[in-house]
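Multiple structures follow.
Each of the next two complexes has chain A plus one other chain: chain B in the first, chain C in the second.
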Partner chain A sequence: MYNLIVFLVLLLLGYGVGQYAERRHYRSIIEREGRLNALPAIASRYPPTQPHYRQALVTGSTVISVDYFKRFLAALRNLFGGRVTSYESLLDRARRESLLRMKQQAASMGAAMVFNVKYETASISKGRGNTIGSIEVLAYGTALIEPRGQ
Partner chain B sequence: MLISNLELIPGRRVVEHLGLVQGSSVRAKHVGRDIMAGLKNIFGGELKGYTELLQESREEAMQRLQQQAEAVGANAILNVRFSTSSVAQGAAEIYVYGTAVTLE
Partner chain C sequence: MKYRNPPIPEGINVSDRHPLRELFVLAGGALLLLLLLSWLLGQFGGRLARLLPFEHEAVLAPVSLLSSDAGPELQAYLDQLGDRLTTQMVLPEAMQVHLHVSGGDSFNAFATLGGNILLYRGLLEQLPHENALAMLLAHEMAHIEHRDPITGIGQGAAIQLVLGMLFGDPNLGVLGSAGLYTQLHYTREMETEADADALQAVQRLYGHIGGARELFDVIHAQREKSGLGEMPAIFSSHPLDQQRIEAIDTLAHERGWSKTGETTPLPPDFTRWIIEAADRAKARARTDGMIPGMPTSPSSLPGHPRPG
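Then we have the complex of A and B:
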């Protein structure tokens, strides 16, 4: 009985706080994405040859954790199979946040664009029963900075 | 030292390839951060402590990469890649590797 109460409280806390945090995070992501839209991130390996841009490696990373409620949903989903939307939004948030941080770093250097953008995802802690606890996403690329004095 | 994840630098020619250079770093958090992370596992959201930790260890790995490149006499590292793996509960390995070259 006691266990059940703890479980329900955790579930409710996870749902309430988790949903609120996610919505707030998405609002902030969309707002910052709008501001950094002028700085394109490109996945091409071949940079433009003219003008001779200066280069610098830029990185952005995020470690983000799933809440108790979503982990419960995912465990249920494991029984029936199908899309695990609760993890999809987690990964989506982590990727977009990492890309934004990378772009912010590039913007602070005065870069014109970021080339050869790559993502690297790793789950850094496993919860009970090998469910995903938290994931790290790293976005990195080469910032091309407009040469000065031309 | 020029570090880039592109394979070529526009306007500069690669004079000499000096082979693969690498750097790695394994770090763990102190218990306080682990407890905070445990709490965050209920509420969800970003684990700032872990983000910082991994960033620090990435910088360390990059330093080692750079040291190795300097040791072989390179002036640039091209095609740099990152890789992360969790080796144990609460510890992660960051691995950086790239090609050391001499640019003219």
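Then we have the complex of A and C:
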């Protein structure tokens, strides 16, 4: 009985806090994406050769952890199969946040665009999935900075 | 060449399905599966347990918990009433019923393995006449006749064993005697059938069912007094008192049994015998350092101790 109460409190807390944070985060993501849209992030490996851009590595990294509610939903999904929608939104936020952080860094360098953009992901839990459910999403690319004096 | 990032529409990588809806669908499905599994296991375990010959049940009976506090007179009286009822019922030859009295003040009575029936003083002292006592005895004997104790244990053991293995906590204590004692859990169908058979035995014995209904009045009164009230039918494996009384009336009407008739009083010394049983229980508690009787809730009457 006691366990059940703890479980329900955690579930409720996970849902309430998690949903609130997610909505807030999405609002912030969409707002910043609009602001940084002028700085394109391109996947192509072949940057324009003219003018002679200075180049710099830019990275943006996000570490996210899953809340109790989402984890419970995902565990239930394990029984039936199908889209683990509770994790999808989490990872979507992590990807977009990483890209935004990378762009932020590039913008602070005065870059015109970022080329050869790639994503990496790393699981931090590494076999201890029941205790820590965290992963890192890293976005990186080559910032092309317009040469001075042009 | 002009490079740009077109704005990407929302909702491609993320589903806009509400997470709570997802939770209810998934949790509901899981619960349904679990219930179905439990039900199947229960049916299987119950059927399997029924195959055990009655003689072997006695070995499993929690004899140590059934020490009787009844004096020789009370025991003799109960035994002869039990024998008279046995002749009215269709108990097979091998099914020996053993009656025990506990001096504990629990308001309870139940049938358990090996044809053992335990009656508590708390219930006995509330009975108005022999007809109600006969109804109580017949009800418990009907459980034994239907092999409800072993079926209940088989169901409980199968469910607990498999669910325990699924959830990583196989509680094998269910196979010990303490487990046997508390695992007894009869379904509503079992209770209703036991009521019907008991009623028939009482009718045959006394020629009417006049006093039998009053057993349920006593139970109902006790429940009101203890302030627990009746649980809604869905939470209680016992049919509600009112429903039981109605079922009795319907059955009596169908078979043309008389609902009124002269009731047989309990022997004049019955109260004294019961007080003696209580004293014996207290004396035993002092020597053993044990509390007489198992604590049971008054909502589980008559039939079985409700699993905690």
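We take it that the second predicted complex is superposed on the first by the 143 of 150 C-alpha atoms of A that agree within 3 Å, B and C clash if a C-alpha of one lies under 4 Å from a C-alpha of the other, contacts with A are read in each partner's own complex, and residues count from 1 in each chain.
Going forward, a contact is a pair of C-beta atoms (placed from the backbone, for glycine too) under 8 Å apart; a residue touches a chain by one contact, two chains touch by 3 or more.
Treat the numbers as computed from the prediction; the structure is a model and nothing was measured.
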Task = Judging by the criteria at the top, classify the pair chain B and chain C on chain A as clash or fit.
result = fit
Ask   = Could you give the angle made at the Cα centre of chain A by the lines to the Cα centres of chain B and chain C, to the nearest 10°?
value = 120
Ask   = Just chain B (first), just chain C (second), both, or neither: which does A:Ala122 touch?
value = first
Inquiry  = On the A-aligned overlay, A:Gln104 touches which partner chain: chain B = first, chain C = second, or both, or neither?
reply    = neither
Task = Using the superposition on chain A described above, determine whether A:Thr62 touches chain B (first), chain C (second), both, or neither.
result = first
Ask   = In the superposed arrangement, which partner chain does A:Asn37 touch: chain B (first), chain C (second), both, or neither?
value = second
Inquiry  = Quick check for you: in the superposed arrangement, does A:Pro48 touch first (chain B), second (chain C), both or neither?
reply    = both
Query = Touching A:Glu88, do we find chain B (first), chain C (second), both, or neither?
reply = second
Message = Tell me which partner touches more residues of chain A in the superposed arrangement, chain B or chain C.
response = B
Key: Superposition-derived minimum Cα distance between chain C and chain B (Å)   = 15
Ask   = If you lay the two complexes on top of each other, which residues of chain A touch chain B in one and chain C in the other?
value = 48, 70
Inquiry  = Under the definition above, what is the set of chain C residues touching chain A in their complex?
reply    = 1, 3-5, 7, 10, 13-15, 17, 19-20, 22-23, 26-27, 29-30, 33
Ask   = For chain A, which residues are in contact with chain B within the complex?
value = 10, 13-14, 17-18, 21-22, 25, 45-50, 52-53, 55-57, 59, 61-68, 70, 90, 97, 115-116, 118, 120, 122-127, 133-134, 136, 138, 140-142
Note = Interface with chain C, chain A side, in the complex: residues 15, 19, 30, 33-34, 37, 40-42, 48, 69-70, 72-73, 76-77, 79-80, 83, 85-86, 88-89, 91-92, 113
Complex contact set, residues of chain B against chain A = 2-11, 37, 40-47, 50-51, 54-55, 58, 80-86, 89-90, 92
